[in-house]
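Order of writing sets the chain letters: A, B, C and D. Residues in each chain are counted from 1.
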Amino acid sequence: MTGTQAEATTVEEAGKALPPKLFVSISPHFKATETVSKIMWTVVACLIPPLVLSVFVFGFQTLIIALVSVVSCVATEAISNRCLKRPVGTIKDGSAVITGLLLAYIIPPGVPYWMPILGGVMAIYVTKVLMGGIGYNMFNPALIGRAFLVATYPVAMTSAWLPPIRDAAVFKYMGAGVDAVSTATPLYILKHYGIAEVIERFGSLSVIYRDFFFGWRPGCIAETSALVLIIGGLYLIYKKYITWHTPVSVIASVAFFTWIFGGEKFFTGNPLLAVLSGGVIIGAFFMATDYVTSPTQVTGKLIFGAGIGALTVLIRLKGGYPEGVCYAILLMNPLTPALDRWFKPKRFAPQPEEGA
Amino acid sequence: MAIKEKTNTQLFVDGILKENPIFKLALSMCPAVGISTSVMNGILLGTAVLFVQVCSSCTISLVRNYIHPKIRIPTYTLTIATWVTVIDLVLAAYVPVAYKAMGLFVRLIVAFAIITMRLEMFASKEPVGKSFWDGLGMGLGFMFAMMVLGFVRELLGSGMILGYDVLGFKPLLFFVLPCAGFFVVGIMMGFFNWIEVAYNRRKEV
Amino acid sequence: MSAETLSTFPMGGIHPKESKELTEKLTAEVVPTPSQIRLFLKQHVGAPCKPQVKKKDKVTEGDVVASVEKLGANLHSGVSGTVKGVVNALHPMVGNARALVIATDPEANPKTYSPVDWTKFSREELIAKIKDAGVVGLGGAGFPAGFKLDVRPDVKIDTLILNGAECEPYLTSDHRVMLEHPKDIIEGAKIMLKILGIDYCAIGIENNKPDAIQILNRAIAEDTLRNGYKIVVKPLKVRYPQGSADQIMQAVTGRARPSGVRSSVIGIILQNVYTTKAVYDAVALGKPLYERIVTITGKGIKRPANVMVKVGTSIAEIVDYLGGTTPDLAKVIVGGPMMGFAVSTLDIPITKTTSGVLFLTKDEINTEPHLPCVSCGFCVDVCPMGLEPNNVSRYVEAGRGADTEEFGVDDCFLCGSCAYVCPAKRPLVQFMTMAKNSIRESKKK
Amino acid sequence: MKEIIKITFALTISCVIAAAAMGLTYTATAKAKKHNHHMNVQNAMIGLLGFGEDNPAPSDLKFLNVYRYIVEDGEKKFLGYMVPVEKGSEEAYEMVLIDLEGNFVEKLEVPISAEKAEEAHDRATALQKVLAPPKIFTYADASVIATAGGKRLGYVLPGQFPGFRTFIHALVAMDPKFELLGLEIMEHEEDAGLGKEIEQEYFRNQFKGKTYEKLKTLQVIKKPLPMEYKKYLEKSKWEDGMFTEEHIAEIRKQYKDADIYAITASTISSKAVTDGVKNVAKKFAYRIGKLDSVLKKEKIHAAF
């Protein structure tokens, strides 16, 4: 930065630079060991277990989809930064890898392998690079990538769901036509046929809870196991990379609003099912907590999370799509600057009265 | 505005290229984004705008000395609305085929920024002849822009040109959605600016 | 005492590696008198001093060589010798400053002082003695102590706080003073209580210095001539920046100072423990402030130590005395690692406010370029003043530094907590300084 | 003050001129416009009944509207059918009230001309005279009965049923035996790329030719549409001569009793349309049966 250089030159001009050559910079001269890339790679590590699990649930092609998605995201960032004459080294910070993984996790596991490439280009180039690179994007890149794919290939993106494999035949779906094996997600069935149909297809409620919690259900990679995702999220909270506020408020508000409005009468909805199904868990822990696109203050975070939950339930119950987490987060993202502006940290020093 | 008096031809050409209402003046973006999903839509809306623009420009230019300056915008709106209604009714009555295709678009025009803008900027100051050429240029410029947008969006969005299946599949359905309209408009604006910059640079050299 | 019951400031703060073990057990050793001293004419808050001696004048140890009429503090020669004149010398903070050079007479004997009964002096006499002795705040700010204690009668003061937090990593000079001169500190506290006309004094010490807490407690217990004064030691939870004025006042009394006013408004006078000792020296011994304990530490120096040096001694000479630096020395900091100033040469004189000199090696410093802000909010969480360094930095980057007043930039005292935690390694302190400057400039207009 | 008056005056003048211009155009064009609109609807209906270029409609093809009203008389509820009747050479209308069980209640003459009967407002005024309070009537729907040469050619029914998003408006055409002649989707807001496909011929034409018996049990099946069938359904898009007569007959026979193949990923929309069509057809078939028997019993000479 210019300031550092300016300081260095004045000091150096004044005295003769004596050996050994000493670095000069502004205080503090000590920094914590956390870096952006360290945080990002930790998030990547927390996102790996669901992928491994998904191979056993949906088959080997999830791995290919994730790989294609990650590679296309990283390559897009590298190429576009090169073309825009920005440092290409930013790909090492891991944020493009996270975007790639998240994108792969929220698209159906039965889509063609070229589809994540388009999503990745949209996510990285349009949402991130065009806005100025890491730190300047207004929306969560992976979610924009998904929204783009849903808009462009609605048929594949809403129907390429696969029933879980229960016999560890991980290559079962490789090369199989989507139409032949596709099934509907629990949320889709819930939305259009009601809870009775869900129970008929997936077993009793307790079986549903168990399967949803451990990951045996049709859905995207991210929807496999709530347990694995929660463990990853809790690790991030333990490392203090994210705080509990956003995830808790997202989950609580999804549960709360579903309980009120989800049933045939008020206060008869099934909050547990609502939280375990769809992308609530991954959205709460890994997407709504994205640093760049979420508020920094506690109150802001709580409202942000509650807003996501409310919008999710609204879209699920009244909207056209069976799942609403993606759009709920995207709708709340642009509110982040406003939330940061409205809910400021409490100042240490008592402030003088206005106009005093 | 104009430093040098422009000839009628210049007015006409400028409206299409140098002062293209969508790519350069960024006017009437809503219809541009909303309607430009196919080339045919572009042509139809463009034609409708062309009619109303030319008629309104001439009318305002004719009465420009009688318009009270404080109510000029209401007067413009009134003029446009009248012409829109008249054209709508006439088409419906005597050219039902054209009305079937264009009826919806004609009625959309009432609130178009581009027409009001040209009335305010040009027709209310210039004689009828010039206003006519300016209106013609602007209308054709709008039509041209709509066709370009429609071409890109129809080709990429539904794989068709003028309703004929040229690709046989739908590459990026995204492009027929309204949000992609902004996309294409943005890309086209950049493209035309780039051309202008490159052209000017060459002229300097 | 368990950690939960310890008081501390309410928000923010960090826990950097302390590294105090390098020097905290080492008794302050006296560095031999240097061949010459250079005294900056401005070592305090206020206007620079005017030299009172001419070239070639002879001075003895403790003589006033420069003084100032208004807010400021006298400057005394720490050595006996000859005045060589006024030169420009490198100052760690302001870059270049005027300094008085005095060549040492190697033959002169060190001056000795003996205590007198200070209780016989009146308030005005006490204040005059402190002012004459050139005592300034030794914690770093350098506010003239005499002026601080000379509160206007309409200001109601009820508490004196002695700041022994020493929250900066590495530094141990205050710690050593508390261990080596506990009685002087208690006496100094009583002098100040008398001046202020109050009877309550709290000594805030971070819990990582249990020996100091113990020794001071014993000293208080052993002090028989209490005169109704109530002096207590308040152990504080270890947390940076506990030693900052606002934070320690809050931690000890629970009172927060409103933005833009002096601490005396909330009835508190704060002094560093070392300043207290200097007050005692000035009043009871009549000894002016011309030498002090400085912590010389870090992996970059061969022998870390606490040294008692004359003000004006060049760092290079102290380094020579301690056996030189290690080859991988990469950065020299005057002050602590969090708020100190990096210097480009060792040829820099010690000032009254130099509490330590830090020698860092290559692997301890960070030279990586910084990234754009990712809005993680870590800096907001650790800011002890509840400010938003992230937004300030972004405003400054966008060239809107003058619009940052709403984020409370003026409250920032550059503790560096934000820059410490920033994962993007952004120089947030610098952005804060730039924002302050732009606000000042825009107000001028 | 003078300024304001001036502005008001100028604005008034402008408005008057504009109004005059618009009014003149309107009066000049009104008749032609109405005619065009009428023709449009007529043409759509003719198309639905299966007439076209190679199969011209008979010259005496007539479209007769039957307006259905719900009439309330205190606690009692009736269905009121405003039917065109033959009265000499002129067309007249009669209101036939039927109770909910399908029994004849009352017959009222409605003094209205055929031309005016098409306007909702005029109809209401005319009905007001014969159905004076305490009788309250509300408009329900209108069905079109196409006749030629004194014989019924078919019915065109407007349908409105909930789709995936909002209501889908459609026209259903049936022959006198209630076999489906065609389906036209008029308005809808289904998703682009998904539910919007209900507009497509390959979906709509699946309904063509379904018998009433089949219609009653018509289902939506989630199977891929056979390619051959799809081509047949979209045959207007293909060049002539691609299908031979036998070929068409064969496919028609094969899929005559097939259920409706759902649009990929839009089962809901497909189901909505299918159920909607089923509903409209079944209800109409029931109602027209009741009406016909009443008309016959009461010897009302309806124009159809």
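The working rule: a residue touches a chain if its C-beta (ideal position, glycine included) is under 8 Å from a C-beta of that chain, and two chains touch if they have at least 3 such contacts.
Keep in mind it's a predicted model, so treat the numbers as computed, not measured.
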{"item": "Residual chain clusters - chain C taken out, nothing else repositioned", "value": "one piece"}
{"item": "Identity of the most central chain, Cα criterion", "value": "A"}
{"item": "Of all other chains, the one whose Cα centre sits farthest from chain B", "value": "C"}
{"item": "Inter-chain pair with the most contacting C-beta pairs", "value": "A-C"}
{"item": "Gap in Å, rounded to a whole number, between the CA centres of chain C and chain A", "value": "47"}
{"item": "Centroid spacing, where centroids are CA-atom means, of chain B and chain C in whole angstrom", "value": "72"}
{"item": "Centroid spacing, where centroids are CA-atom means, of chain B and chain D in whole angstrom", "value": "38"}
{"item": "For chain D, residues that touch 2 or more chains besides their own", "value": "192-193"}
{"item": "Sites on chain C at which at least two other chains make contact", "value": "none"}
{"item": "Contacts with 2+ other chains: residues of chain B", "value": "173, 177"}
{"item": "Pairs of chains satisfying the touch condition", "value": "A-B, A-C, A-D, B-D"}
{"item": "Contacting residues of chain A [partner chain C, same complex]", "value": "1, 3-4, 8, 10-12, 14-18, 20, 22-32, 34-36, 38-39, 90, 93, 132-136, 241, 291-297, 336, 340, 344-352"}
{"item": "Chain D to chain B touching residues, read off their complex", "value": "3, 6-7, 10-11, 14-15, 18, 21-22, 25-26, 28-33, 36-37, 39-40, 192-193"}
{"item": "Touch list for chain C against partner chain A, complex", "value": "9-12, 14, 16-17, 88, 90, 95-96, 169, 246, 250, 256-260, 325, 327, 329-333, 335, 337-348, 358, 360, 364-367, 370-378, 380, 383-388, 390-391, 408, 411, 414, 416-417, 419-425, 427, 429-430, 433-434"}
{"item": "Chain D partner contacts - residues on chain A that touch it in the complex", "value": "153-155, 158-159, 179, 192, 320"}
{"item": "Chain D-facing residues of chain B, complex", "value": "67-68, 70-71, 74-75, 78-79, 81-82, 85-86, 89-90, 92-94, 96, 99-100, 170, 173, 176-177"}
